[in-house]
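Notes follow the structure.
Letters are used for the chains, namely A, B, C and D, taken in the order the chains are written, and counting of residues starts over at 1 for each.
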Amino acid sequence: MTYREAIRAGLREALRSDPRVFLMGEDVGRYGGAYACSRGLLEEFGPERVRDTPLSESTFVGAGIGAALGGMRPIVEVMTVNFSLLALDQVVNNAATLRHMSGGQFSIPLAVRMATGGGRQLAAQHSHSLEGWYAHIPGIKVLTPATVADAKGMLLAALQDPDPVFIFEHAMLYPMEGELDEDAGAADISQARVRRQGNDVTLITFGGSLPKTLEAAEQLASLEIEAEVVDARVLRPLDISTFLTSVAKTHRVVIVDEAWRTGSFAAEISAQIMEQGFDHLDAPVARICAAEVPMPYAKHLEEAALPQVGIIVKTVQGL
Amino acid sequence: MSSRSLDLQGVSTTFTLTGEFEMQNIDINTIAQSDLQAVKQNHALTLLHEMLRIRRFEEKAAELYSLGMIRGFLHLYIGEEAVAVGAMQAFGQQDRIVATYREHGHALARGVPIRSLMAEMYGKANGCSRGRGGSMHLFDAGRRFYGGYAIVGGGLPIAVGLALADKLQSRPYVTACFFGDGAVAEGEFHESLNLAALWKLPVLFLCENNLYAMGTALARHQSQTDIAMKAQGYGFQGEAVDGMDVLAVEKATRRVADWVRQGKGPYLLEFRTYRFRAHSMYDPELYRTKEEVERWKERCPIATFQTWLRQQQLLADTTLAQIEAAVDHEIEDAIVFAEAGPSEPVEDLLRDVYTQEG
Amino acid sequence: MSSRSLDLQGVSTTFTLTGEFEMQNIDINTIAQSDLQAVKQNHALTLLHEMLRIRRFEEKAAELYSLGMIRGFLHLYIGEEAVAVGAMQAFGQQDRIVATYREHGHALARGVPIRSLMAEMYGKANGCSRGRGGSMHLFDAGRRFYGGYAIVGGGLPIAVGLALADKLQSRPYVTACFFGDGAVAEGEFHESLNLAALWKLPVLFLCENNLYAMGTALARHQSQTDIAMKAQGYGFQGEAVDGMDVLAVEKATRRVADWVRQGKGPYLLEFRTYRFRAHSMYDPELYRTKEEVERWKERCPIATFQTWLRQQQLLADTTLAQIEAAVDHEIEDAIVFAEAGPSEPVEDLLRDVYTQEG
Amino acid sequence: MTYREAIRAGLREALRSDPRVFLMGEDVGRYGGAYACSRGLLEEFGPERVRDTPLSESTFVGAGIGAALGGMRPIVEVMTVNFSLLALDQVVNNAATLRHMSGGQFSIPLAVRMATGGGRQLAAQHSHSLEGWYAHIPGIKVLTPATVADAKGMLLAALQDPDPVFIFEHAMLYPMEGELDEDAGAADISQARVRRQGNDVTLITFGGSLPKTLEAAEQLASLEIEAEVVDARVLRPLDISTFLTSVAKTHRVVIVDEAWRTGSFAAEISAQIMEQGFDHLDAPVARICAAEVPMPYAKHLEEAALPQVGIIVKTVQGL
């Protein structure tokens, strides 16, 4: 089963099991979703529960918040993180604040999904990795499924959560094949997960960079460096303890994050590891991030701009 | 003014009298014809009472602001009371209200307890938002008062979503969404009206056109200043109402709220009104003349309504004095309540960021 | 179709014939009456040539995409050529053009060299955006072609700003802003029309209504589907034009461009057209029927124009063959140019993030 | 002269000296600016050059970009950073990218000013500190004037810059008094600045937290701890070398940043200091940031949520 199919299975399960759940977003219905995640759902659940919206990100995200306030369990698909900038006011100023500024009177059980990331030569306006921005906002939760199991499990978990949850699906992962237990339910969304054991160095990553990092770890293994690969999974609230446990063992850390380096979420992870694991560190925590450039279209330039297996291997070797 | 009438005809079978502390529903069909005049008078006096309550509450709030008891931004509704009070008559307990940062009037008219409101502005834990929200963020889940939005235009998509929830759950409720003329320029106005109309959602868009967005006059922020007419661009109806006339506001709102409740889609009302005070407590009002303000004050919704009530023999001096006394007493009581209210412990700073589970 | 005419009357004193590689300005007053028929024929053939050029360029681009030579998103304009070609006739060299991500047609019709366009889509350093932009981000400062916006609606405020710059500098230029029907739902459409009208800016809003925003039909994203009419909400004029008729597009655009140029404020044209191909190369087109597409193809702007030209004795078979040959040759040449083009050195990855000074 | 007056002086000087300069934003004209920065300018320069805009942040910021493309030197005032969320698409996808994605054909000489920060009991929707987000975006520059001199000098520098510059004026600073040389011109916008010398600890901060940090340094001095206070001033491009020079001397760092801690710009500074100054550090870099809560209205809660002098002193003592 692919990552895309896992999302579709999650959507279907959610729509089947809870009448309060509905899906809305641009082209989720007749088109089947820009990334085909919702193909077939309109036919199964009808246009009331699988709703195509006009191009108006701010309003349909806001409407998702309102519908959640009104007793529904909306799943809002913002086609990509790039367009979510248009809805950021609703996220920061309403989704994240309404509970607090009403003194706890309201919960907003809203799940928002969006594709993120670069790698498909879509250039400067269509290649952002802004999940780190979202992770800055108290009041929401931020998930970055990097496996087929998490693609479904995190969606179901988001729907069980009483608060707004933002799910970032890396666009390069949709065709990825992986295992999925037929009746796997909601995933745990409180913890990071060690995806590969190792004693020599800790590689921390999330989302679209996980496959690259695992591949780098394989290459490192052939160089007799055993890397432990930790998938952060949940950027807010961040599970720092899993990182620290690994660092206490390996004493070296490299963080891989597809966002621009300056102000990346990798910086946050780096800072926290220093703050809490300073004495375990034998070397400064290293970051591998995107080059600080609006994403160029040309293939070789985009490849050079993004974290790649080679640079991960080289960075670890140079620690 | 004298052409106004208190018309209960054509109103749905129940209508709401909003009292100070509670809301009562009276079934109009059970009222004997002979009692109707009393009901009318009672209702009219309630409207007056409600408006006075808002006026005095805010006058006091301004004082308390100068004293530093209330802080942050404070946006007074003085001059616009007829809008909130008139409109709010049209909504039942299950209907939903979305307002702006200038929402003391809406909260009071909706029945949010004055004590919890005052305590909120004092930043106390017994405030309607536990002191977390302040003047701009009043909430009351029990009264379906959904705030309190300080980003101009930001409440409109929320209202659309609330209405969508009702429609999806086949509930006959209306979501009333108040916003200013300034919000009309924002993209979310456009997006929200389109979505509400496209999906035939039960939202009532209520624009409080007080002719200014902060210091920017309507004609300087709208290329086309007829706001009611804008609904046409989305294929639904809008109309302008004299926002200084509480009865006109009530009548129009009742009528279109019913229309919306029947599932016919959204409706836009533009209330033409005026803010007598500065935009906020910081505003030096360089952008309009004293004369203009004075001219509008002649149309004060409270004074003119009182005059009319007197003309109709519906208001005796003693009654007015009683109302004023009741209002004063209520406000003093609210202040006592607020002053005595506990402060949220600092250790609880992080509460209500996420929902406490289990 | 036969009711169309090539009308040069009422056009400003200069008009523009867009050639393949350059733009010529001809002063209509200097043309002898006897030469006018030749000019008309020449112009008509130019229109045909331009449309064919776009059609063949894109057909080739689709092939090259399947071969992996062009990558990223590729949005074809096939079926809509009459809009870009017809409209572009109305603009002089100093006018400014803002387009969308479906802008090959606009770039070509504007005179952006086909070589630099093809090279751009190959991601080469000799591309019109140095290979940094790709299909969705074509730019050409010399031809005042300001891109190339892939966030739907994102180009409108830019166009408003360009027009503001011209107005502030008292220059008689027009900014032409192309966008799709989908963009009409975005808040920026509303905000931009309001601002342009409020400030009487010389912007010509050109909506390419191809009835779909990706897979969402017009009636599913607009509560009121008459787009031209929406200008009224902002106090200016709009009108709908048959976007499959290149002459109708040219005539209407010339007329209103002059109007805008005279400082009378913005204008909205809605071109009713249709996209024959999928939204992008990924689109399985589940949302519309083959029959619908076939019906629209009968109105192909190129085929119908050819028929009309033949009826008018303006197009001989040999001429058409010559044009087709010239277009083919030009495209082959562009491919050679693109394939031979250098790749930007990886060391230069960070160039042009900031302006190099000194 | 106050910080506010310095901004006004800068605006006036810019409008006087360059006919391409104009100011636009909500209430900059007749109202005189929400923070009174532009009071009197409408009268002096007229409504063509001091333009009140409708409430439509996305469009008037976008129009600023367009006007810059069209040969003007616009100054756009977005009343506060809170409302700038509505314009973030124009910032990220247009202002920051147009130069790059056109292959260098265009420059966008645009200056955008906005008030930022909390401290005035304006609650959850009006108290954001998001300059760190802006600093994440390659293609723009980000300034945080913390002194009266920088208030004017940075504005003039922004207008000389060929690229988009975002200036964050902390709302608490407007009434602050300070020195300003009558004919002070554009400020340097490439470097951080040491605002107080000291050998025991480096305190790095910017914007509204500078006065608090300087006050904390005074209190520390009375405790015989000499703190060096570095004002970052420019968040992008970040001048890390000034920080490192100080760290090499003091070996201890505390960063004060009013943003929420997770994903704060303080994390970036912390990470970079570790990456480049690891061997100089005697203790992990510490951060003092806002509590992770939508800003509460109540005075005592807001105070508890924001960095304060007391906690700075205590943190340094505990290093």
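In this section, a residue touches a chain if its C-beta (ideal position, glycine included) is under 8 Å from a C-beta of that chain, and two chains touch if they have at least 3 such contacts.
This is a predicted model, so every value here is computed, not measured.
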Distance-maximising chain from chain B - centres being C-alpha averages: C
Distance from the mean Cα position of chain D to that of chain A, given in whole angstrom: 30
Inter-centroid spacing, chain C versus chain A (mean Cα positions, whole Å): 38
Approximate Å spacing (C-alpha centroids) for the pair chain B, chain C: 48
Chain D, residues touching no fewer than two other chains: 53-54, 56, 58-59, 82-83, 86, 89, 93, 100-101, 123-125, 138-139, 292-294, 296-297
Sites on chain C at which at least two other chains make contact: 129, 131-133, 137, 149-151, 154, 185-188, 191, 194-195, 198, 220-222, 353
Touch-based graph of the chains, sorted into line, ring, star, complete or other: complete
Chain D residues within the chain B interface of the complex: 26-27, 29-32, 34, 39, 52-56, 58-59, 82-83, 86, 120-126, 291-294, 296-301, 304-305
Contact set on chain B toward chain D in their complex: 71-73, 120, 123-124, 129, 131-134, 136-137, 149-154, 182-183, 185-187, 213-217, 220-222, 283-284, 286-287, 343-344, 346, 349-350, 353
Residues of chain A touching chain D in the complex: 58, 82-83, 85-86, 88-89, 92-93, 96-97, 100-101, 123-125, 128, 132-133, 135-139, 236, 238, 259-260, 262-268, 270-272, 274-275, 278, 283-287, 292-294, 296-297
Footprint of chain B on chain A - complex, ascending: 22, 48, 51, 53-54, 56, 58-72, 74, 89-90, 93-94, 98-107, 138-139, 141, 162-163
Contact footprint of chain A on chain B as seen in their complex: 96, 127-133, 137, 139-141, 146-149, 151, 154, 156-166, 168-169, 187-188, 191-192, 194-195, 198-199, 351-355, 357
